[in-house]
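Next come two complexes built around subunit A: one with subunit B, the other with subunit C.
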Partner chain A sequence: MSIHMPLNEHRAIEDFQLSAHDDHLEPGDIILDLENVSLAFGGVKAINDISFNIKKGEVRAIIGPNGAGKTSMLNVINGFYHPQQGTITYRGEKRTAMQSTEAAKQGISRTFQNIALFKGMSTLDNIMTGRITLQNKNLFLQALWHGPAAKEDIEHRLVVEKIIDFLEIQHIRKTPVGRLPYGLQKRVELGRALAAEPALLLLDEPMAGMNLEEKEDMSRFILDVNSQFGTTIALIEHDMGVVMDISDRVVVLDYGRKIGDGSPEEVSNNQAVIDAYLGVSHD
Partner chain B sequence: MSPEFLYFVETVLNGLMAGVMYSLVALGFVLIFKASGIFNFAQGVMALFAALTLVGLQTGQVPFSHLINAIFGTEIHHFGWTLPAFFAVLITLAIMVLFAYLFEAIVLKHLVNQEPIILFMATIGLAYFLEGFGDLMWGSDVKILDVGIPSGGSFWWEEVTRTWASEGSDYFGMYIDKLDVVAALVAVVLVIALTFFSKYTKMGRALRAVADDHQAAQSVGISLRTIWVLVWSISGFVALVAGIMWGAKSGVQFSLSLIALKALPVLILGGFTSIPGAIVGGLIIGVGEKLAELYVGPLVGGAIENWFAYVVALMFLLFRPQGLFGEKIIERV
Partner chain C sequence: MPASGMGAGAKPVTFPQYLLLNAKRLAGRPAMRFKDLGIWQTWTWAEQRDEIASLAIGLRELGLKEGEGVAIVGTNRPRLYWAFAAAQSLKAIPVPVYADAVAEELAFVLDNAGVRFAVVEDQEQVDKLISMTEKVPSLEVIIYDHARGLRDYDHDNLLDFTVVQDGGRAKIASDPAVLKDWEADIVASDGSEISAILYTSGTTGQSKGVMLRASASVKAAEDTAGFDNLTDRDVVLAYLPLAWVGDHYLNYAQAYVSGLCMSCPESTETVAENLREVGPTFYFAPPRVFEGLLTSVMIRMEDAGPFKKRLFKHYLGVAKKYGEQILEGKSVPLMGRISYFLGDKLIYGPLRNVLGFTNIRVAYTAGEAIGPDLFSFFRSLGVNLKQLYGQTEAFLYVTCQKDGDVRADTVGPAAPDVEIRLSENGEVQFKSPGMFTGYYNAPEKSAETLTEDGFVKTGDAGVFDQNGHLKIIDRAKDVGKLTDGSLFAPKYIENKLKFFPDVKEVVAFGDGRDNVCVFLNIDLTAVGNWAERNNISYASYQELAGLPRVYEMMREHVNSVNRDLAEEPMMAGAQVKRFLVLHKELDADDGEVTRTQKVRRGFVGERYAPLIEALYDGSTEKYVETEVTFEDGRKGKITATVKIGDAETYPAAGVKEAAE
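Entry: the complex of A and B
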């Protein structure tokens, strides 16, 4: 099912917007607020009484040494884990044990530390799955009567093609993603998350394992997503240079506790943070 | 053409069509295994249950009549009406979807994130439950299933092929059962429909996504529970098709649930995760066992057909455990 797209319909990507999950919030309002959140696995405290917030339109970095609880934090935000204590408020509404599918429907998308793409499917199909929550829900009807669903599919396909243009991955549209090099897989995963037109985009180490050039590309895409679509982004990253360059505010975790929060400058001058990164012993 | 060659062709053709019948059962296994990693032991019983329900509805049998009669001392067995095959099939399909929904809600929902062996055990339980439930509901007598599929040998084909044999030979023409031809066509349509569904529809994409990575699928908003219900419904549908074909061929009887055992070597050959594999595997097993019976059978006293498939499967397990089309499992160390 290929769709021929005439050039004139293929609008410039500059006026392309991703705003399915638009809300009444103004840039700078708090979109996600975590208060005294704790998460434990048996006796292991992964997250210990952490509070911080994410404001609409910002790039918020979560940093910390290995095992600090960063990924657990993302898993809590997108509903994979349910914290035992604390409250999470998303767009002004308090959340109770929410499933990750529910989070996806409310406009929270994410990428994973160890790429979680659908390996057997093409780049195009992978990104198309990102739009599942935006497509109509008549599942069984669709299986029986294909016409209207096919038309709807074409509309979604147009958006996906624009995302593909935006991320400059036109040449691998039909390639099964399992065959792509690592850097490109990361980009496809970002594409799938973008396809859901998220209000809050969570990126788990988007630049891990990349070379300098790939990191620069990825940084550019993240900044473009943030400025062009106004998407709020929370990201985990280890490369301090990148973090300091692209993020507006940084929260620092260590051993499941919050040890710093503020602008990149403030955080990099914070003694507790410096200690954690230099490996000063904890007693 | 020499009669020997024509016998060979006839055997191959009949083998191919017997293989299609195995493939129909194997397809149901593949669908569930692909999407959820569960080996559904109950697939054969599902086919039996679907066929029982279909016959029961068609002939206007009163469900649970034995139970009702035993409790109330009544003597009711039939409503006294018959249902057109088309409606009976539709209602049976609806029942299979309802069954999928209930199984998800009552059993699978509570076993999320459990080991595959636990889920496998659950399907064994399901198999025995469904067998007993079907018995209680429709009775255990052998029933005749007639939904209007032509059956019996084709005389036309026999006449045509008789003229192919060389002059003066005593060749009587090829025997081909019309039912088998219909089954082959049905299988082709079924595979095309399933492929279309999984490639070009949103749910198909969601299904493949779940098969690839559960967590990632959830993160884009695919509900695993919806997918389970869908997958079990589809394999209930495939079970219905298999039940109709097998039921029309050999009557609806409880030994029908054992056809699942014949699907095992087919799956090992074709790979548990491949729809084309289920078809090709079925064809190879079908042709293989018929040819072995014809040429090797007389040397060892016959009855090769019964075990040939399992020996082939054993060979595959030794030399190519992932099957012809299955995904190779590469484990990092």
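Entry: the complex of A and C
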């Protein structure tokens, strides 16, 4: 069965919005607020009494040396780790202990430091999996691809095709992702995260291991996602040039503590940050 | 021709007139296809007319006037093709520019043509134009097709394509007479206006704007569409650069006069896949595309199992023996016919299918000389590949080959209604129906190119063979002599070397010198695959190019070319003495090749002068520093120690006989 689309409806990308998790927040309102959060694994304090917030519509970077607690922070935000202390408020609601699937349903999606795609599946199928939390028709009908389930599937496919178009990966639509180069796999992973139409997108080192050109492409996509869909983005990144260029605000962690928070300029002029991370000597 | 080109059953004389005609006679036939969101979308001729009408009226509302240039920058997308027809319908002049041109090149063309309006594909092109605002003071309105990333741009003089079309539609809805007037204006044209300015690729210097008249362009396209019997049942894949005369002619112009369907690929990376899906009946590709296809086929066969390899080799032999004769309908022994039939079922048919060539009726190649073996390879598989010789100044066709009278070493007799002659120094000159009216803004250059009696000088050296077929030897100014007086035609030697799948580009030197030396570029795909199969590791192009085993391979290629050259009395003196493998690929961003991938010989010679010196002074290696330009325009440096190899030369065949 072919998917029927009305003829000549060149669907302009500008009409394309990812708004399944639309909320009533205005850009600039606080979407996620962490207060005095601490997380320990036995004696190791991965996160120690950290407070910061993420505002709707911004690109928020989390930086810090290896082992500073950045990924733990992301895992706390998407509900994979549960902090022993502190409160997390997401879209005005205080969060209790919950599963990461619930976080996904509430519009938080993410990518991983070491790509977590289904290697044997095509790009298209991988991105389709991002729609799972938005599919709500009967599983039995879905399996038969019949009636309302088929209609729903076509709608999801349309969104996925728009994401493929947006990320310019048409040429690998049917390629198993295991055969793709690293930079493209990262892009597919971003596509899958976008497919969930997130209100808050978490990116764990989206540019790790990329060459300059791939980094520039990825930066462009991140900025485009942010400006076109208004998606709030929190990202971890080691490339200082990239962080300073694309983020609105930066929080700096070191040994589980927050040592700096502010605009890229403020942070790069902060002596504690320079000592811990940027590695410039004292005057 | 009466003033109303379409009155009283007369033939249309402009492309918009053909648009109106096709929208009537072929209303429901497909005019344009575009793969969008993974599905082929179709516009019929009637729908295409409506799209173009709303765009044209929208543009006129914005102030586009008769005689003005409209820059069109981007890859092959329906909306950009519509911009051509929309501009032409208002007697404005489309000025297409290569999508991969860097900002300076783009600015040069736009400024030279003095355009106020630009229709561009996406953010990349918008960024380039915005960065060049100061250099193009005339530019007022930028219209973009793909809005991604442009949301937060200042939209004062930046417009979405749909906004312009909506403006046109609103105008039509408010006053139906607008549409009638638009059509009446189109019909009233006598075809004397300029229908496009195409900028030459600039092989020999700064590019020049070639002005083409509407009626001449239409006449040329009608001639060749008739020559190859193109109809509305034909399909092409429009994947060639919009700004190149080949695309504008073969796709746009021939589509309008014959009513065939143009298909635009989903993206530049999906062309091969889309070719398979569309299955065009008319296909054009420059020789390097066929080279690339042959290379990829051979590489994949290298990885096949032994049985498949033997089968492939056997039937390739059969095809070589009988294929071309069968294609041309000549007599072939019954056993040959049976073998070829089996080969067609087992190998050629599936191979054509994989390449997207199953439905091809006519395929052309041009732009550069094609290796005879390469040419025969595709013909022997049953692809009706022919050569044409053309120029932007001719609106493409100067010569083309007739079905059944095709040869690899000539470009065929004069195309319909074209006159060709050779000047005293062997330069090809022609007069054709589609001939240009002059270079835009450069009357002195037009005067240089045109002879007093109205022929165009091509700058190519050629000869006619006994059948009246034209044979192009080289650029007239590139043909030279060695110090011992032997003829040196660099392109001839380069093409022989380039037929080896692992050689990508060659530059030969020798004019005014004692012997011939060459620069080689290896083909990264082919040599990379070879390295992989032989467990040779390499980190970069540079490292791979410098490997001793790669040099050994190249030496064998050069030796075998020398053996070939020794067989030809004219060329035997110009055998290659020494060679080197360049440490970087020749790149258009560095100005080493044109955007159409033609080597800029003079520039390469200057840039690598130390290497040429080393070739001739007998050194075995040379340290060089080379400045490179990255895609975003920033510059960097690469350094390398390039080794130099010696080749064997052979006594000329004639000489040997004389000695015996």
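In this section, the second predicted complex is superposed on the first by the 260 of 283 C-alpha atoms of A that agree within 3 Å, B and C clash if a C-alpha of one lies under 4 Å from a C-alpha of the other, contacts with A are read in each partner's own complex, and residues count from 1 in each chain.
Note that in this section contacts are C-beta pairs under 8 Å (C-beta built on N, C-alpha and C of every residue); 3 or more make two chains touch, one makes a residue touch a chain.
Since we're looking at a predicted model, the values are computed, not measured.
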Quick check for you: in the superposed arrangement, does A:R110 touch first (subunit B), second (subunit C), both or neither?
first
Specify the partner with more touching residues on subunit A, choosing between subunit B and subunit C.
B
Which of the two partners, first being subunit B and second being subunit C, lies in contact with A:M121: first, second, both, or neither?
first
May I ask you to decide whether A:R173 touches subunit B, subunit C, both, or neither, giving the answer as first, second, both or neither?
second
Is A:D153 in contact with subunit B, with subunit C, with both, or with neither (first, second, both, neither)?
first
Taking the superposition as given, does A:A196 touch the first partner, subunit B, the second, subunit C, both, or neither?
first
Give the list of subunit B residues in touch with subunit A in this complex.
197, 200-203, 205-206, 208-209, 211-213, 215-224, 226, 230
Please give the residue numbers of subunit A that touch subunit C in the complex, ascending.
3, 5, 7-14, 158, 161-162, 164-166, 168, 170-171, 173, 213, 216, 220, 223-224, 227-228
Contact set on subunit A toward subunit B in their complex
1, 78, 80, 99-101, 104-105, 109-110, 112, 116-121, 125, 128-130, 132-133, 135, 139-140, 142-143, 146, 149-150, 153, 192-193, 196
Residue positions on subunit C within touch of subunit A in the complex are 34-39, 41-43, 47, 78-79, 146-149, 151-152, 160, 162, 266-267, 269-270, 273, 631-632
